[in-house]
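In what follows, subunit A forms one complex with subunit B and a second complex with subunit C.
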Partner chain A sequence: MVAWNKLKITVHTTKTENYLYTNSFDIEGGNFSKAGTIATGIKSILKELGLPNDVVRKSAIVCYEAEINVVSYARKGFINLTVTPKTVQIEITDEGPGIPDIELAMEQGYSTANQQIREMGFGAGMGLYNINCYSDKFDISSEVNKGTFLKIIINTPQCI
Partner chain B sequence: MKLREVKEILDADVIVGQEKLDMEVKTAFGADMMSDVLAFAKAGSLLLTGLTNTQVIRIANVLDIAAIILVRGKKPQTEALALAKELQIPILITKYILFETAGRLYVKGIVGCLEQVEDHSAHN
Partner chain C sequence: MDIETIAKKLNLEVRSASDRLKNNVTGGYTGDLLSDVMANSHEGDIWITRQVHQNIVAVATLKEHAGIILVNSCEPARDTLEKAIQEKIPIMVSNLPAFELTGAIYNLLGKKD
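The block that comes next holds the complex of A and B.
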(Lines of atoms letter the chains of each structure in order from A and count residues from 1; the text may use other names and numbers.)
(Lines give C-alpha, C1' and ligand atoms only; values in the text may rest on other atoms or scores of the structure.)
Protein backbone atom coordinates (compact mmCIF):
# COMPACT_ATOMS: atom_id res chain seq x y z
CA MET A 1 0.00 0.00 0.00
CA VAL A 2 1.24 3.49 -0.83
CA ALA A 3 1.78 5.64 2.21
CA TRP A 4 0.23 9.06 2.08
CA ASN A 5 3.45 10.82 2.86
CA LYS A 6 5.10 9.25 -0.20
CA LEU A 7 2.48 10.58 -2.56
CA LYS A 8 3.07 13.77 -4.47
CA ILE A 9 0.02 15.44 -3.07
CA THR A 10 -0.17 18.80 -1.44
CA VAL A 11 -1.92 18.55 1.89
CA HIS A 12 -4.15 21.58 2.25
CA THR A 13 -5.11 22.76 5.65
CA THR A 14 -8.47 24.15 6.59
CA LYS A 15 -9.46 25.36 10.01
CA THR A 16 -11.05 22.03 10.86
CA GLU A 17 -9.01 19.28 9.26
CA ASN A 18 -6.49 18.29 6.67
CA TYR A 19 -7.72 17.20 3.31
CA LEU A 20 -5.88 15.65 0.41
CA TYR A 21 -8.34 16.56 -2.27
CA THR A 22 -11.54 18.50 -2.64
CA ASN A 23 -13.60 19.40 -5.66
CA SER A 24 -17.11 19.92 -6.91
CA PHE A 25 -18.66 18.37 -10.02
CA ASP A 26 -21.85 19.51 -11.75
CA ILE A 27 -24.43 16.96 -12.90
CA GLU A 28 -26.88 17.79 -15.67
CA GLY A 29 -30.41 16.51 -15.01
CA GLY A 30 -31.98 14.58 -17.89
CA ASN A 31 -28.75 14.15 -19.85
CA PHE A 32 -28.75 10.37 -20.06
CA SER A 33 -25.93 10.10 -22.56
CA LYS A 34 -23.51 11.67 -20.05
CA ALA A 35 -24.77 9.73 -17.04
CA GLY A 36 -21.91 8.01 -15.28
CA THR A 37 -19.15 10.29 -16.52
CA ILE A 38 -18.74 12.11 -13.18
CA ALA A 39 -18.51 8.83 -11.27
CA THR A 40 -15.96 7.55 -13.78
CA GLY A 41 -13.87 10.70 -13.32
CA ILE A 42 -14.08 10.50 -9.52
CA LYS A 43 -12.92 6.90 -9.63
CA SER A 44 -9.82 7.94 -11.61
CA ILE A 45 -9.07 10.73 -9.14
CA LEU A 46 -9.32 8.41 -6.13
CA LYS A 47 -7.19 5.80 -7.84
CA GLU A 48 -4.57 8.41 -8.61
CA LEU A 49 -4.58 9.51 -4.98
CA GLY A 50 -3.47 5.97 -4.16
CA LEU A 51 -6.49 5.00 -2.07
CA PRO A 52 -7.02 1.28 -1.41
CA ASN A 53 -8.93 -0.55 -4.16
CA ASP A 54 -12.00 -1.34 -2.06
CA VAL A 55 -12.35 2.31 -1.02
CA VAL A 56 -12.10 3.40 -4.66
CA ARG A 57 -14.65 0.76 -5.62
CA LYS A 58 -17.16 1.69 -2.92
CA SER A 59 -16.82 5.41 -3.68
CA ALA A 60 -17.26 4.84 -7.41
CA ILE A 61 -20.39 2.74 -6.89
CA VAL A 62 -21.91 5.31 -4.54
CA CYS A 63 -21.15 8.16 -6.95
CA TYR A 64 -22.48 6.20 -9.92
CA GLU A 65 -25.82 5.43 -8.29
CA ALA A 66 -26.17 8.98 -6.99
CA GLU A 67 -25.30 10.44 -10.39
CA ILE A 68 -27.87 8.21 -12.09
CA ASN A 69 -30.47 9.42 -9.58
CA VAL A 70 -29.73 13.10 -10.27
CA VAL A 71 -29.76 12.58 -14.04
CA SER A 72 -32.95 10.55 -13.83
CA TYR A 73 -35.04 12.71 -11.52
CA ALA A 74 -33.55 16.15 -10.88
CA ARG A 75 -33.09 19.32 -12.93
CA LYS A 76 -29.49 19.64 -11.86
CA GLY A 77 -27.17 18.76 -9.06
CA PHE A 78 -23.58 18.53 -7.97
CA ILE A 79 -21.23 16.19 -6.15
CA ASN A 80 -18.78 17.53 -3.60
CA LEU A 81 -15.86 15.19 -3.10
CA THR A 82 -13.48 15.60 -0.18
CA VAL A 83 -10.72 13.16 0.61
CA THR A 84 -9.08 13.33 4.02
CA PRO A 85 -6.42 10.98 5.37
CA LYS A 86 -9.16 8.96 7.06
CA THR A 87 -12.25 9.28 4.87
CA VAL A 88 -13.77 9.85 1.49
CA GLN A 89 -16.69 12.26 1.89
CA ILE A 90 -19.24 12.48 -0.89
CA GLU A 91 -22.06 15.01 -0.81
CA ILE A 92 -24.72 15.07 -3.50
CA THR A 93 -27.11 17.99 -3.71
CA ASP A 94 -29.84 18.29 -6.30
CA GLU A 95 -32.66 20.59 -7.31
CA GLY A 96 -35.60 18.42 -8.17
CA PRO A 97 -38.84 16.83 -7.06
CA GLY A 98 -37.47 15.57 -3.76
CA ILE A 99 -38.46 12.30 -2.09
CA PRO A 100 -41.83 12.31 -0.25
CA ASP A 101 -41.20 9.09 1.69
CA ILE A 102 -37.50 8.45 2.29
CA GLU A 103 -38.06 5.23 4.20
CA LEU A 104 -39.98 3.78 1.27
CA ALA A 105 -37.39 5.02 -1.24
CA MET A 106 -34.65 3.27 0.72
CA GLU A 107 -36.40 -0.08 0.39
CA GLN A 108 -34.89 -2.56 -2.01
CA GLY A 109 -37.05 -2.76 -5.12
CA TYR A 110 -39.04 0.46 -4.66
CA SER A 111 -38.76 2.72 -7.69
CA THR A 112 -40.59 5.49 -9.50
CA ALA A 113 -38.40 5.18 -12.59
CA ASN A 114 -39.79 5.72 -16.08
CA GLN A 115 -39.14 3.59 -19.16
CA GLN A 116 -36.08 5.61 -20.25
CA ILE A 117 -34.34 4.96 -16.95
CA ARG A 118 -35.23 1.26 -17.04
CA GLU A 119 -33.89 0.88 -20.56
CA MET A 120 -30.51 2.06 -19.29
CA GLY A 121 -30.48 -0.84 -16.84
CA PHE A 122 -31.43 1.23 -13.80
CA GLY A 123 -34.66 2.01 -11.99
CA ALA A 124 -34.91 -1.34 -10.26
CA GLY A 125 -35.09 0.26 -6.85
CA MET A 126 -31.51 -0.57 -5.92
CA GLY A 127 -29.91 2.88 -6.03
CA LEU A 128 -30.35 4.25 -2.51
CA TYR A 129 -30.18 0.72 -1.14
CA ASN A 130 -26.78 0.19 -2.76
CA ILE A 131 -25.54 3.60 -1.62
CA ASN A 132 -26.51 2.75 1.95
CA CYS A 133 -24.83 -0.67 1.74
CA TYR A 134 -21.54 0.74 0.54
CA SER A 135 -21.36 3.69 2.94
CA ASP A 136 -19.86 3.64 6.38
CA LYS A 137 -22.08 6.61 7.17
CA PHE A 138 -25.08 7.70 5.13
CA ASP A 139 -27.35 10.67 5.69
CA ILE A 140 -30.23 11.65 3.46
CA SER A 141 -32.62 14.55 3.63
CA SER A 142 -35.15 15.75 1.13
CA GLU A 143 -37.78 18.40 0.62
CA VAL A 144 -40.59 17.83 -1.87
CA ASN A 145 -40.37 20.15 -4.90
CA LYS A 146 -36.99 21.46 -3.71
CA GLY A 147 -34.44 18.70 -3.82
CA THR A 148 -32.46 16.01 -2.11
CA PHE A 149 -29.19 15.99 -0.19
CA LEU A 150 -27.05 12.93 0.45
CA LYS A 151 -23.94 12.73 2.57
CA ILE A 152 -21.84 9.62 2.41
CA ILE A 153 -18.69 8.82 4.31
CA ILE A 154 -16.45 5.93 3.40
CA ASN A 155 -13.65 5.21 5.84
CA THR A 156 -10.15 4.57 4.57
CA PRO A 157 -7.72 2.44 6.53
CA GLN A 158 -5.18 4.83 7.98
CA CYS A 159 -2.06 4.85 5.89
CA ILE A 160 0.12 7.43 7.63
CA MET B 1 -8.35 -19.17 -18.83
CA LYS B 2 -7.34 -16.77 -21.57
CA LEU B 3 -9.89 -14.50 -23.20
CA ARG B 4 -9.03 -16.30 -26.43
CA GLU B 5 -10.48 -19.52 -24.98
CA VAL B 6 -13.60 -17.64 -23.87
CA LYS B 7 -14.02 -16.51 -27.45
CA GLU B 8 -13.68 -20.10 -28.70
CA ILE B 9 -16.03 -21.60 -26.10
CA LEU B 10 -18.71 -19.05 -26.94
CA ASP B 11 -18.02 -19.03 -30.68
CA ALA B 12 -17.88 -15.26 -30.20
CA ASP B 13 -16.90 -12.36 -32.40
CA VAL B 14 -14.37 -9.99 -30.89
CA ILE B 15 -15.41 -6.50 -31.90
CA VAL B 16 -13.16 -4.57 -29.51
CA GLY B 17 -9.93 -5.77 -27.90
CA GLN B 18 -8.50 -8.21 -30.43
CA GLU B 19 -5.10 -7.38 -28.95
CA LYS B 20 -6.16 -8.38 -25.44
CA LEU B 21 -7.04 -12.03 -26.11
CA ASP B 22 -4.13 -13.27 -24.00
CA MET B 23 -5.62 -11.70 -20.88
CA GLU B 24 -6.33 -14.20 -18.05
CA VAL B 25 -9.85 -14.39 -16.62
CA LYS B 26 -11.18 -16.56 -13.82
CA THR B 27 -14.54 -15.12 -12.78
CA ALA B 28 -17.73 -13.74 -14.30
CA PHE B 29 -20.95 -11.96 -13.43
CA GLY B 30 -24.10 -11.94 -15.52
CA ALA B 31 -27.02 -9.47 -15.32
CA ASP B 32 -29.02 -7.00 -17.35
CA MET B 33 -29.62 -4.81 -14.35
CA MET B 34 -26.83 -2.30 -13.99
CA SER B 35 -27.42 -1.63 -10.29
CA ASP B 36 -26.78 -5.32 -9.64
CA VAL B 37 -23.66 -5.21 -11.76
CA LEU B 38 -22.46 -2.24 -9.70
CA ALA B 39 -23.29 -4.04 -6.49
CA PHE B 40 -21.82 -7.43 -7.22
CA ALA B 41 -19.42 -7.59 -10.17
CA LYS B 42 -15.76 -7.72 -9.18
CA ALA B 43 -12.64 -6.29 -10.79
CA GLY B 44 -11.08 -8.55 -13.41
CA SER B 45 -14.33 -10.45 -14.08
CA LEU B 46 -16.14 -11.03 -17.32
CA LEU B 47 -19.46 -9.17 -17.57
CA LEU B 48 -22.18 -11.19 -19.32
CA THR B 49 -25.08 -8.97 -20.32
CA GLY B 50 -27.71 -8.24 -22.92
CA LEU B 51 -27.60 -4.48 -22.38
CA THR B 52 -25.84 -2.60 -25.14
CA ASN B 53 -25.73 1.07 -24.14
CA THR B 54 -22.95 3.34 -22.90
CA GLN B 55 -23.86 2.62 -19.27
CA VAL B 56 -22.53 -0.92 -19.67
CA ILE B 57 -19.20 0.41 -20.89
CA ARG B 58 -18.93 3.09 -18.19
CA ILE B 59 -19.78 0.61 -15.46
CA ALA B 60 -17.27 -1.89 -16.86
CA ASN B 61 -14.71 0.91 -16.70
CA VAL B 62 -15.62 1.94 -13.15
CA LEU B 63 -15.44 -1.67 -11.92
CA ASP B 64 -12.32 -2.65 -13.92
CA ILE B 65 -14.22 -5.39 -15.72
CA ALA B 66 -11.87 -7.51 -17.88
CA ALA B 67 -14.22 -7.90 -20.84
CA ILE B 68 -17.87 -7.54 -21.78
CA ILE B 69 -19.66 -10.52 -23.31
CA LEU B 70 -22.82 -9.43 -25.12
CA VAL B 71 -25.24 -12.35 -25.19
CA ARG B 72 -28.15 -13.24 -27.50
CA GLY B 73 -26.19 -11.84 -30.46
CA LYS B 74 -26.69 -8.24 -29.30
CA LYS B 75 -24.62 -5.51 -30.87
CA PRO B 76 -23.42 -2.47 -28.91
CA GLN B 77 -25.00 0.87 -29.72
CA THR B 78 -22.80 3.16 -31.82
CA GLU B 79 -21.85 5.42 -28.89
CA ALA B 80 -21.15 2.43 -26.68
CA LEU B 81 -18.86 0.89 -29.29
CA ALA B 82 -16.90 4.14 -29.65
CA LEU B 83 -16.54 4.44 -25.88
CA ALA B 84 -15.36 0.84 -25.51
CA LYS B 85 -12.71 1.47 -28.18
CA GLU B 86 -11.62 4.65 -26.43
CA LEU B 87 -11.39 2.95 -23.03
CA GLN B 88 -9.96 -0.25 -24.57
CA ILE B 89 -12.54 -2.51 -22.97
CA PRO B 90 -12.87 -5.75 -24.95
CA ILE B 91 -16.33 -6.65 -26.26
CA LEU B 92 -17.22 -10.14 -27.45
CA ILE B 93 -20.54 -11.00 -29.04
CA THR B 94 -21.99 -14.48 -28.66
CA LYS B 95 -25.22 -15.87 -30.05
CA TYR B 96 -25.78 -17.98 -26.95
CA ILE B 97 -28.39 -16.83 -24.45
CA LEU B 98 -27.24 -15.67 -21.02
CA PHE B 99 -27.94 -19.03 -19.37
CA GLU B 100 -26.05 -21.00 -22.04
CA THR B 101 -23.17 -18.51 -22.04
CA ALA B 102 -22.77 -18.80 -18.28
CA GLY B 103 -23.10 -22.60 -18.33
CA ARG B 104 -20.59 -23.11 -21.11
CA LEU B 105 -18.02 -20.98 -19.31
CA TYR B 106 -18.73 -22.57 -15.93
CA VAL B 107 -18.11 -26.12 -17.08
CA LYS B 108 -14.75 -24.97 -18.42
CA GLY B 109 -13.74 -23.52 -15.06
CA ILE B 110 -14.95 -19.91 -14.98
CA VAL B 111 -16.76 -19.31 -11.67
CA GLY B 112 -19.04 -16.58 -10.39
CA CYS B 113 -17.29 -13.53 -8.92
CA LEU B 114 -19.25 -14.39 -5.79
CA GLU B 115 -21.27 -17.53 -5.02
CA GLN B 116 -24.09 -16.16 -2.94
CA VAL B 117 -25.15 -12.84 -1.56
CA GLU B 118 -25.30 -12.48 2.17
CA ASP B 119 -28.33 -11.18 4.00
CA HIS B 120 -27.44 -7.65 5.00
CA SER B 121 -23.81 -6.99 4.34
CA ALA B 122 -23.92 -8.53 0.87
CA HIS B 123 -22.26 -5.50 -0.64
CA ASN B 124 -19.40 -5.12 1.75
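The block that comes next holds the complex of A and C.
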Protein backbone atom coordinates (compact mmCIF):
# COMPACT_ATOMS: atom_id res chain seq x y z
CA MET A 1 0.00 0.00 0.00
CA VAL A 2 1.09 3.58 -0.64
CA ALA A 3 1.64 6.13 2.10
CA TRP A 4 -0.89 8.86 1.41
CA ASN A 5 1.56 11.69 1.81
CA LYS A 6 4.03 10.18 -0.67
CA LEU A 7 1.66 10.23 -3.60
CA LYS A 8 2.79 11.79 -6.82
CA ILE A 9 0.10 12.69 -9.23
CA THR A 10 0.90 12.36 -12.91
CA VAL A 11 -1.24 11.73 -15.95
CA HIS A 12 -0.68 8.27 -17.42
CA THR A 13 -1.87 7.08 -20.76
CA THR A 14 -3.30 3.66 -21.43
CA LYS A 15 -4.53 2.35 -24.74
CA THR A 16 -8.10 3.17 -23.87
CA GLU A 17 -8.22 6.36 -21.87
CA ASN A 18 -6.17 8.89 -19.97
CA TYR A 19 -6.21 8.37 -16.27
CA LEU A 20 -5.12 10.69 -13.52
CA TYR A 21 -4.63 8.07 -10.87
CA THR A 22 -4.96 4.35 -10.40
CA ASN A 23 -4.16 2.11 -7.47
CA SER A 24 -5.29 -0.95 -5.56
CA PHE A 25 -5.89 -1.28 -1.82
CA ASP A 26 -6.26 -4.48 0.22
CA ILE A 27 -9.06 -4.97 2.73
CA GLU A 28 -8.81 -7.43 5.59
CA GLY A 29 -11.97 -9.36 6.40
CA GLY A 30 -13.07 -9.30 10.04
CA ASN A 31 -10.71 -6.54 11.12
CA PHE A 32 -13.00 -3.82 12.46
CA SER A 33 -10.13 -1.87 14.00
CA LYS A 34 -8.98 -0.91 10.50
CA ALA A 35 -12.45 -0.58 8.98
CA GLY A 36 -12.82 2.74 7.19
CA THR A 37 -9.13 3.48 6.71
CA ILE A 38 -9.17 2.65 2.99
CA ALA A 39 -12.18 4.90 2.41
CA THR A 40 -10.49 7.69 4.37
CA GLY A 41 -7.30 7.31 2.33
CA ILE A 42 -9.18 7.29 -0.95
CA LYS A 43 -11.02 10.43 0.09
CA SER A 44 -7.71 12.24 0.68
CA ILE A 45 -6.41 11.12 -2.70
CA LEU A 46 -9.51 12.41 -4.49
CA LYS A 47 -9.30 15.72 -2.62
CA GLU A 48 -5.66 16.05 -3.52
CA LEU A 49 -6.54 15.46 -7.16
CA GLY A 50 -8.81 18.48 -6.88
CA LEU A 51 -12.06 16.69 -7.70
CA PRO A 52 -15.29 18.57 -6.92
CA ASN A 53 -16.54 18.22 -3.31
CA ASP A 54 -19.67 16.44 -4.39
CA VAL A 55 -17.70 13.76 -6.26
CA VAL A 56 -15.37 13.32 -3.29
CA ARG A 57 -18.31 13.05 -0.90
CA LYS A 58 -20.13 10.42 -2.99
CA SER A 59 -16.94 8.41 -3.56
CA ALA A 60 -16.17 8.41 0.17
CA ILE A 61 -19.64 7.08 1.05
CA VAL A 62 -19.47 4.39 -1.63
CA CYS A 63 -15.96 3.26 -0.62
CA TYR A 64 -16.85 3.23 3.05
CA GLU A 65 -19.94 1.07 2.62
CA ALA A 66 -18.16 -1.35 0.31
CA GLU A 67 -15.16 -1.58 2.61
CA ILE A 68 -17.33 -2.23 5.66
CA ASN A 69 -19.19 -4.98 3.82
CA VAL A 70 -15.93 -6.74 2.98
CA VAL A 71 -14.80 -6.41 6.60
CA SER A 72 -18.19 -7.60 7.89
CA TYR A 73 -18.93 -10.50 5.56
CA ALA A 74 -15.90 -11.56 3.49
CA ARG A 75 -12.50 -13.13 4.20
CA LYS A 76 -10.56 -10.57 2.22
CA GLY A 77 -10.87 -8.23 -0.69
CA PHE A 78 -9.45 -5.24 -2.48
CA ILE A 79 -10.53 -1.94 -3.97
CA ASN A 80 -9.30 -0.77 -7.35
CA LEU A 81 -9.54 2.98 -7.77
CA THR A 82 -9.14 4.63 -11.15
CA VAL A 83 -9.66 8.33 -11.68
CA THR A 84 -10.03 9.62 -15.22
CA PRO A 85 -10.80 13.19 -16.27
CA LYS A 86 -14.48 12.26 -16.50
CA THR A 87 -15.05 9.59 -13.85
CA VAL A 88 -14.10 7.99 -10.58
CA GLN A 89 -14.21 4.21 -11.04
CA ILE A 90 -14.31 2.05 -7.95
CA GLU A 91 -14.17 -1.75 -8.14
CA ILE A 92 -14.43 -3.94 -5.08
CA THR A 93 -13.65 -7.64 -5.29
CA ASP A 94 -13.86 -10.02 -2.37
CA GLU A 95 -13.46 -13.66 -1.47
CA GLY A 96 -16.27 -14.71 0.80
CA PRO A 97 -19.74 -16.21 1.11
CA GLY A 98 -21.20 -14.22 -1.79
CA ILE A 99 -24.77 -12.91 -1.90
CA PRO A 100 -27.48 -15.49 -2.77
CA ASP A 101 -30.22 -12.96 -3.59
CA ILE A 102 -28.81 -9.66 -4.78
CA GLU A 103 -32.19 -8.02 -5.33
CA LEU A 104 -33.11 -8.72 -1.71
CA ALA A 105 -29.71 -7.56 -0.42
CA MET A 106 -30.16 -4.25 -2.25
CA GLU A 107 -33.41 -3.54 -0.41
CA GLN A 108 -33.19 -0.90 2.26
CA GLY A 109 -33.46 -2.61 5.65
CA TYR A 110 -32.44 -6.11 4.61
CA SER A 111 -29.47 -7.35 6.60
CA THR A 112 -27.94 -10.63 7.73
CA ALA A 113 -25.53 -8.87 10.11
CA ASN A 114 -24.99 -10.82 13.32
CA GLN A 115 -25.36 -9.47 16.84
CA GLN A 116 -21.68 -8.53 17.17
CA ILE A 117 -21.82 -6.46 13.97
CA ARG A 118 -25.09 -4.81 14.97
CA GLU A 119 -23.69 -3.80 18.35
CA MET A 120 -21.13 -1.69 16.53
CA GLY A 121 -23.85 0.24 14.70
CA PHE A 122 -23.74 -1.68 11.42
CA GLY A 123 -26.51 -3.82 10.01
CA ALA A 124 -29.15 -1.23 9.13
CA GLY A 125 -29.35 -2.77 5.67
CA MET A 126 -28.52 0.58 4.08
CA GLY A 127 -25.02 0.03 2.68
CA LEU A 128 -25.79 -1.35 -0.79
CA TYR A 129 -28.82 0.92 -1.07
CA ASN A 130 -26.58 3.92 -0.35
CA ILE A 131 -23.97 2.76 -2.84
CA ASN A 132 -26.69 2.59 -5.48
CA CYS A 133 -28.00 6.07 -4.55
CA TYR A 134 -24.64 7.80 -4.64
CA SER A 135 -23.26 6.21 -7.82
CA ASP A 136 -24.01 7.13 -11.43
CA LYS A 137 -23.50 3.53 -12.52
CA PHE A 138 -23.55 0.49 -10.26
CA ASP A 139 -22.99 -3.14 -11.21
CA ILE A 140 -22.98 -5.96 -8.71
CA SER A 141 -22.38 -9.64 -9.27
CA SER A 142 -21.81 -12.43 -6.84
CA GLU A 143 -21.22 -16.16 -6.65
CA VAL A 144 -22.21 -18.06 -3.53
CA ASN A 145 -19.19 -19.43 -1.64
CA LYS A 146 -16.84 -17.56 -3.95
CA GLY A 147 -17.24 -13.84 -3.58
CA THR A 148 -18.75 -10.56 -4.65
CA PHE A 149 -17.77 -7.95 -7.21
CA LEU A 150 -18.98 -4.35 -7.29
CA LYS A 151 -18.25 -1.79 -9.97
CA ILE A 152 -19.20 1.79 -9.34
CA ILE A 153 -18.79 4.81 -11.55
CA ILE A 154 -19.20 8.37 -10.33
CA ASN A 155 -19.17 11.02 -13.04
CA THR A 156 -17.10 14.14 -12.69
CA PRO A 157 -18.56 17.29 -14.16
CA GLN A 158 -16.08 18.66 -16.70
CA CYS A 159 -14.05 21.05 -14.63
CA ILE A 160 -10.63 19.50 -14.05
CA MET B 1 -20.37 28.40 17.15
CA ASP B 2 -17.34 26.45 18.37
CA ILE B 3 -17.31 23.23 20.33
CA GLU B 4 -15.93 24.90 23.42
CA THR B 5 -18.97 27.17 23.70
CA ILE B 6 -21.34 24.23 23.32
CA ALA B 7 -19.33 22.14 25.80
CA LYS B 8 -19.48 24.92 28.42
CA LYS B 9 -23.15 25.68 27.99
CA LEU B 10 -24.20 22.04 28.16
CA ASN B 11 -21.69 20.80 30.73
CA LEU B 12 -20.08 18.33 28.36
CA GLU B 13 -17.04 16.43 29.54
CA VAL B 14 -14.27 16.42 26.97
CA ARG B 15 -12.53 13.05 26.57
CA SER B 16 -10.24 13.60 23.59
CA ALA B 17 -8.65 16.24 21.37
CA SER B 18 -9.16 19.08 23.83
CA ASP B 19 -6.91 21.16 21.57
CA ARG B 20 -9.55 21.03 18.86
CA LEU B 21 -12.37 22.73 20.72
CA LYS B 22 -12.23 25.71 18.41
CA ASN B 23 -13.66 23.46 15.66
CA ASN B 24 -16.61 25.27 14.17
CA VAL B 25 -19.97 23.53 14.47
CA THR B 26 -22.21 24.29 11.51
CA GLY B 27 -24.94 21.73 12.17
CA GLY B 28 -25.70 18.47 13.88
CA TYR B 29 -26.82 14.92 13.30
CA THR B 30 -28.24 12.39 15.73
CA GLY B 31 -28.05 8.68 15.03
CA ASP B 32 -26.68 5.31 16.03
CA LEU B 33 -26.73 3.53 12.67
CA LEU B 34 -23.42 4.18 10.98
CA SER B 35 -24.73 3.83 7.40
CA ASP B 36 -27.41 6.39 8.17
CA VAL B 37 -24.88 8.82 9.61
CA MET B 38 -22.56 8.20 6.65
CA ALA B 39 -25.30 9.01 4.17
CA ASN B 40 -27.07 11.87 5.89
CA SER B 41 -24.70 13.84 8.09
CA HIS B 42 -22.54 16.71 6.83
CA GLU B 43 -19.10 18.16 7.22
CA GLY B 44 -18.93 20.41 10.28
CA ASP B 45 -21.77 18.60 12.07
CA ILE B 46 -21.60 17.68 15.70
CA TRP B 47 -22.60 14.00 15.84
CA ILE B 48 -24.79 12.90 18.71
CA THR B 49 -24.81 9.15 19.37
CA ARG B 50 -24.69 6.44 21.95
CA GLN B 51 -22.32 4.24 19.98
CA VAL B 52 -19.03 3.94 21.86
CA HIS B 53 -17.19 1.59 19.49
CA GLN B 54 -14.05 2.72 17.64
CA ASN B 55 -15.81 2.78 14.27
CA ILE B 56 -17.44 6.08 15.23
CA VAL B 57 -14.03 7.72 14.86
CA ALA B 58 -13.66 6.43 11.29
CA VAL B 59 -17.10 7.81 10.41
CA ALA B 60 -16.43 11.20 12.04
CA THR B 61 -13.04 11.43 10.31
CA LEU B 62 -14.43 10.53 6.92
CA LYS B 63 -17.37 12.91 7.24
CA GLU B 64 -15.18 15.63 8.79
CA HIS B 65 -17.49 16.12 11.74
CA ALA B 66 -16.62 18.87 14.21
CA GLY B 67 -16.87 16.35 17.04
CA ILE B 68 -18.86 13.54 18.67
CA ILE B 69 -21.07 13.73 21.74
CA LEU B 70 -21.97 10.52 23.56
CA VAL B 71 -25.31 10.65 25.33
CA ASN B 72 -26.66 9.13 28.56
CA SER B 73 -23.19 9.34 30.16
CA CYS B 74 -21.89 6.61 27.84
CA GLU B 75 -18.11 6.47 27.91
CA PRO B 76 -15.99 5.84 24.80
CA ALA B 77 -14.25 2.46 24.66
CA ARG B 78 -10.51 2.55 25.25
CA ASP B 79 -9.57 1.95 21.59
CA THR B 80 -12.14 4.57 20.56
CA LEU B 81 -10.31 7.12 22.68
CA GLU B 82 -6.91 6.12 21.32
CA LYS B 83 -8.19 6.49 17.76
CA ALA B 84 -9.89 9.81 18.53
CA ILE B 85 -6.67 11.23 19.97
CA GLN B 86 -4.75 10.03 16.92
CA GLU B 87 -7.30 11.44 14.46
CA LYS B 88 -7.85 14.60 16.54
CA ILE B 89 -11.59 14.11 16.84
CA PRO B 90 -13.07 15.66 19.99
CA ILE B 91 -15.28 13.19 21.86
CA MET B 92 -17.47 14.57 24.63
CA VAL B 93 -19.83 12.98 27.10
CA SER B 94 -23.23 14.33 28.15
CA ASN B 95 -25.50 13.05 30.87
CA LEU B 96 -28.56 14.01 28.82
CA PRO B 97 -30.50 11.56 26.63
CA ALA B 98 -30.25 12.06 22.86
CA PHE B 99 -33.61 13.83 22.51
CA GLU B 100 -32.83 16.51 25.09
CA LEU B 101 -29.23 17.04 23.99
CA THR B 102 -30.26 17.33 20.36
CA GLY B 103 -32.92 19.89 21.26
CA ALA B 104 -30.50 21.92 23.35
CA ILE B 105 -27.87 22.02 20.60
CA TYR B 106 -30.49 22.77 17.97
CA ASN B 107 -31.53 25.80 19.98
CA LEU B 108 -27.95 26.93 20.54
CA LEU B 109 -27.13 26.71 16.85
CA GLY B 110 -30.34 28.52 15.96
CA LYS B 111 -29.12 31.59 17.81
CA LYS B 112 -26.50 34.01 16.59
CA ASP B 113 -22.92 33.48 17.86
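Note that in this section the second predicted complex is superposed on the first by the 150 of 160 C-alpha atoms of A that agree within 3 Å, B and C clash if a C-alpha of one lies under 4 Å from a C-alpha of the other, contacts with A are read in each partner's own complex, and residues count from 1 in each chain.
Going forward, a contact is a pair of C-beta atoms (placed from the backbone, for glycine too) under 8 Å apart; a residue touches a chain by one contact, two chains touch by 3 or more.
Only a predicted model underlies this, so the values are computations on that prediction, with no experimental measurement involved.
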### Message
Is A:K43 touching anything from subunit B or subunit C once the two structures are fitted on A? First, second, both or neither.
### Response
both
### Query
Which holds for A:I61: it touches subunit B only (first), subunit C only (second), both, or neither?
both
### Message
Between subunit B and subunit C, whom does A:G127 touch in the aligned arrangement: first, second, both, or neither?
### Response
both
### Task
Touching subunit B in one complex and subunit C in the other: list those residues of subunit A.
33, 35-37, 39-40, 43, 60-61, 64-65, 119-122, 124, 126-127, 130, 133-134
### Query
What part of subunit B is in contact with subunit A in the complex they form?
32-39, 43, 51, 53-56, 58-59, 61-63, 79, 121-124
### Summary
Interface with subunit C, subunit A side, in the complex: residues 32-33, 35-37, 39-40, 43, 60-61, 64-65, 68, 119-122, 124, 126-127, 130, 133-134
### Query
For the complex, which residues does subunit C have touching subunit A?
32-36, 38-39, 49, 51, 53-56, 58-59, 61-63, 79
### subunit A to subunit B touching residues, read off their complex
33, 35-37, 39-40, 43, 53, 57-58, 60-61, 64-65, 119-122, 124, 126-127, 130, 133-134
